[in-house]
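See the structures that follow.
Next, two complexes with chain A in common: one pairs it with chain B, the other with chain C.
Our next item is the complex of A and B:
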């Protein structure tokens, strides 16, 4: 059953590989690339939010750290893109390790506030430093191949997804995280070290986010503090995860695709009503918290049966 | 006389100015069932938390198999063979009954398939097999208490701390749980049990340790302790009774 689902995922992934063969329009391929990126950001957000029970409002910091590390290494040190982006992921992972020890002791809203504040602090820091270009941002060497970026983004997100699937759905790690989410004190009595598990989850969430940030930087060729370190990355990932279905791998993917499709169509046809977008996004999040506690995934017929069996 | 498996040596636990447990000492020998009793607020659960690593003792120490374990973390102690249940049962509510036990099984069986196999055995032992795929939140109180015991058992402990696993159950369920506890002892597990229901504690304990206001006021076989004037006073109040 679970394996049939994986087969479907593999098939869906194979189909996405064919997108550039069908889509020749550059703008459209850009849209697809960004959709894949948001899938990655939502899935990585959910490792902490859904599986471990921590809403990380500093998710954008990992994205930005990855983007800036990649940019600095490429522009200031003349590195190639691949090692620079890899180091961007490592830097984000290191950031999670350092930020995790103090923040992961906090629960609920306090963790959300602490991570949000940390992300703001990093944004301010980047705004002030010469190394990062301050408010002017950084321009990366342009490499204009939409197809290349589509495949790189897909590769990073695809590998992330299947590594996550193995660790969270197959290996004991995912269940252990859920135990910590449900009851940290109780988990300790069963031989689990919650601090260690949470730090591992934080790092596991941060590394791919940093790499995605690195790919983003090279792809859009220009980054500034607002576009990579701003609130929107965290907020939008949160909406996608909650809307799609927390604590699962497929939920965030569905949420990311639907929300991103909505966003794209909105900007394409209703950009005059720009201000409405955030209002609608807010309404969607409020609505899905109240009416779809298990997200869109929870109302799919097959899933609903499962959920009902559990109840 | 065999070496004691657990030695509580002059343990004191303060919370700020409040002394919850004061200079308590007793020993538990292998395969014994020791009942820990006392009125509400006597310090039973605090003592449990000290022994299982949730609190470090303010003074004194706890020895397990002759080694000082005071201040070790609960998960380290689980690894050494100490299992515990919680007075307020808190299953991982969002997970299935099976998953609850599988998580505990990882301690001795790190591979998922082996852990699952082991969990099924524990479910059979605790008679939860037919509920395996239900959410743990959907269990009745009796079921939750059995699950709590099952999770502790899945750790394959040599020493088990049971905190009010009988309270709140109906008489049939009580008998059922007593049977389960006696079966565990038969398997060679040493048990320290906190319980308010005297009928239960008198029936299964080899010895009782009585706490009142954080201090040990009596220790001995159930029949002896039940007639101890100090114990009667603690439970029924002063001379006017």
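Our next item is the complex of A and C:
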């Protein structure tokens, strides 16, 4: 059963590798690249939300830290893209360590708002600093190769997904996180260190987010506080995870694909009604909580029993 | 130095408003164990209700406060069962789901407000807006605007009423019992569902009223919500979660920080300073300034 699912995943991944061979339209390839990026952001969000039970409303902070670190290193220090993006991931990880240390000792609600406040504070800081270009944002050296970026994004997200799959579904780490989520006191009694585990999960979630942010910065060649640090990044990741199914690896992927497809169609046909998108996001989040507590994944018949057993 | 008394006074008057927001927020957390991410949006909706009512009726907005309270308390009372349903679910993590749910609601309210009320900033015209007192003595002088003074009086009055309600009535006893131990309170005959709905109603009502005052003193816009959610949370954490007696001191501190940044430093850094203080408090004393939170 497990192995068959792995085969399916590998097959699906192989299919995504072939996308640029089939899709020649630059715009369409751009859409695919962004879809892969959102899959990455949703999956990284779920490590903390689904597996550990802590909502990170500051997911955009790590995305933005990665993007800005990469941009600053490339523009101001003349670094090459790859080491800059790697350092972007490291900076995001460091940010998670610093931010997580006091907040993750506490209950979930503190963490949720503290990370939100952190994201807004960083946004404010970036707006004020000269180094980041303030509200004008930063322009990166353009490298126009849609294929290159598709493969880089796919590589980053694919490796992340595989590492997560191994750590969370195969190694004991995933079970430990779930133990902390279900009963922190109980986990402590079993000799686990919940705070340490939560910080590890937070860092595990932040590093790929930072790298994705770095790739995003180089890809779109222009970043500003709103596009990389705005609330919308965290909000969309949250809605993808909740809608797809929390606490699984495949749920966020499904959620990301569905929500992103919707978003693309929405912006293509209804872009005059910009705010409507916010309303729909909110309604989908609230509606999923009430009507789909296990996400879309919980509605699929063969999955339903499995999800129930997990819960 | 000349501005110091002015900064302190402004801070205290601003802080008074945060008291009301934070008390409601804290009460809801105590009774329902959920952080309401929509608190800022309730404030925003209340502010717009006050704005449009004043525009239509030309009545002094302070006189409209009781009406706003009644309407929004009813809305909150009718809304609460939905949140209760999410929180009493058995699958997954109900508390986490409650958080997600109120966050989704907040997002929806913000979107709706931007659709119907637009992106512009307004302020509620009041007869008190132009009046001010000028105090002078001992080498210091300061201006006290009467609308801010009215806000201070209002905040103290509401705090007094809530204090009486909590400490001297059976309803308040029930609320405190629920906050202490939900199951035991249920066994003692406290109706969890109904009491929670009342508390949520009171909280939404007072938040909306405070929104009207904020609209009179500062300004209102469809995007004002999140800042107030963060401020409410900051006050509650500083006071110690669930420790209501610590709320006033924490709220005044926030108000003073804000007015100092406004007068002496760059107001753009306010949120950063708030976060830095929040971070330090969580690091040093997670149970708040007084060490009495949960």
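One rule holds in what follows: the second predicted complex is superposed on the first by the 306 of 311 C-alpha atoms of A that agree within 3 Å, B and C clash if a C-alpha of one lies under 4 Å from a C-alpha of the other, contacts with A are read in each partner's own complex, and residues count from 1 in each chain.
As a working rule, contacts are C-beta pairs under 8 Å (C-beta built on N, C-alpha and C of every residue); 3 or more make two chains touch, one makes a residue touch a chain.
All values derive from a computational prediction rather than experimental measurement.
A.B. asks: A:170 in the overlay: touching chain B, chain C, both, or neither? Say first, second, both or neither.
C.D. replies: After superposing on A, A:170 lies in contact with chain B but is clear of chain C.
A.B. asks: Looking at the overlay, does A:178 come into contact with chain B only (first), chain C only (second), both, or neither?
C.D. replies: After superposing on A, A:178 lies in contact with chain B but is clear of chain C.
A.B. asks: With both complexes overlaid on chain A, does A:231 touch chain B (first), chain C (second), both or neither?
C.D. replies: second
A.B. asks: Considering only touches as defined above, state whether A:24 meets chain B (first), chain C (second), both or neither.
C.D. replies: In the superposed model, A:24 contacts neither chain B nor chain C.
A.B. asks: After superposition on the shared chain, which partner residues are touched by A:139: those of chain B (first), chain C (second), both, or neither?
C.D. replies: neither
A.B. asks: Just to be sure I read the superposition right, which of the two partners does A:76 touch: chain B = first, chain C = second, or both, or neither?
C.D. replies: Once the two structures are laid over each other on A, A:76 reaches no partner at all.
A.B. asks: Name the contact category of A:193: first (chain B only), second (chain C only), both, or neither.
C.D. replies: The answer is first: A:193 touches chain B but not chain C.
A.B. asks: Spot which of chain B and chain C makes contact with more residues of chain A, would you?
C.D. replies: C
A.B. asks: Quick check on my understanding: which residues of chain A belong to both its chain B contact set and its chain C contact set?
C.D. replies: 181, 247, 311
A.B. asks: Using the touch definition from the top, list the residues of chain A that touch chain B in their complex.
C.D. replies: 170-172, 175-176, 178-179, 181-183, 185-193, 247, 309-311
A.B. asks: Taking the touch rule as given, give the residues of chain C at its contact with chain A in the complex, in rising order.
C.D. replies: Residue positions touching the partner: 29, 34-35, 37, 82, 85-86, 89, 91-93, 95-97, 99-101, 103-112, 114-115, 226, 229-230, 233-234, 237, 241, 266, 268-269, 271-272, 274-276, 278-279, 282-283, 286.
A.B. asks: Which chain B residues qualify as touching chain A in the complex?
C.D. replies: 52-54, 73-75, 78-79, 83-84, 86, 90-96, 99, 102-104, 106-107, 110-112, 115, 133-135, 138, 151-152, 154-155
A.B. asks: Quick one: which bits of chain A touch chain C in the complex? Just the residue numbers, please.
C.D. replies: Contact set of chain A toward chain C: 49, 53, 55, 57, 99, 101-103, 105-106, 108-110, 112-114, 116-118, 120-121, 124-125, 127-128, 181, 231, 235, 238-239, 242, 246-247, 275-290, 293-294, 308, 311.
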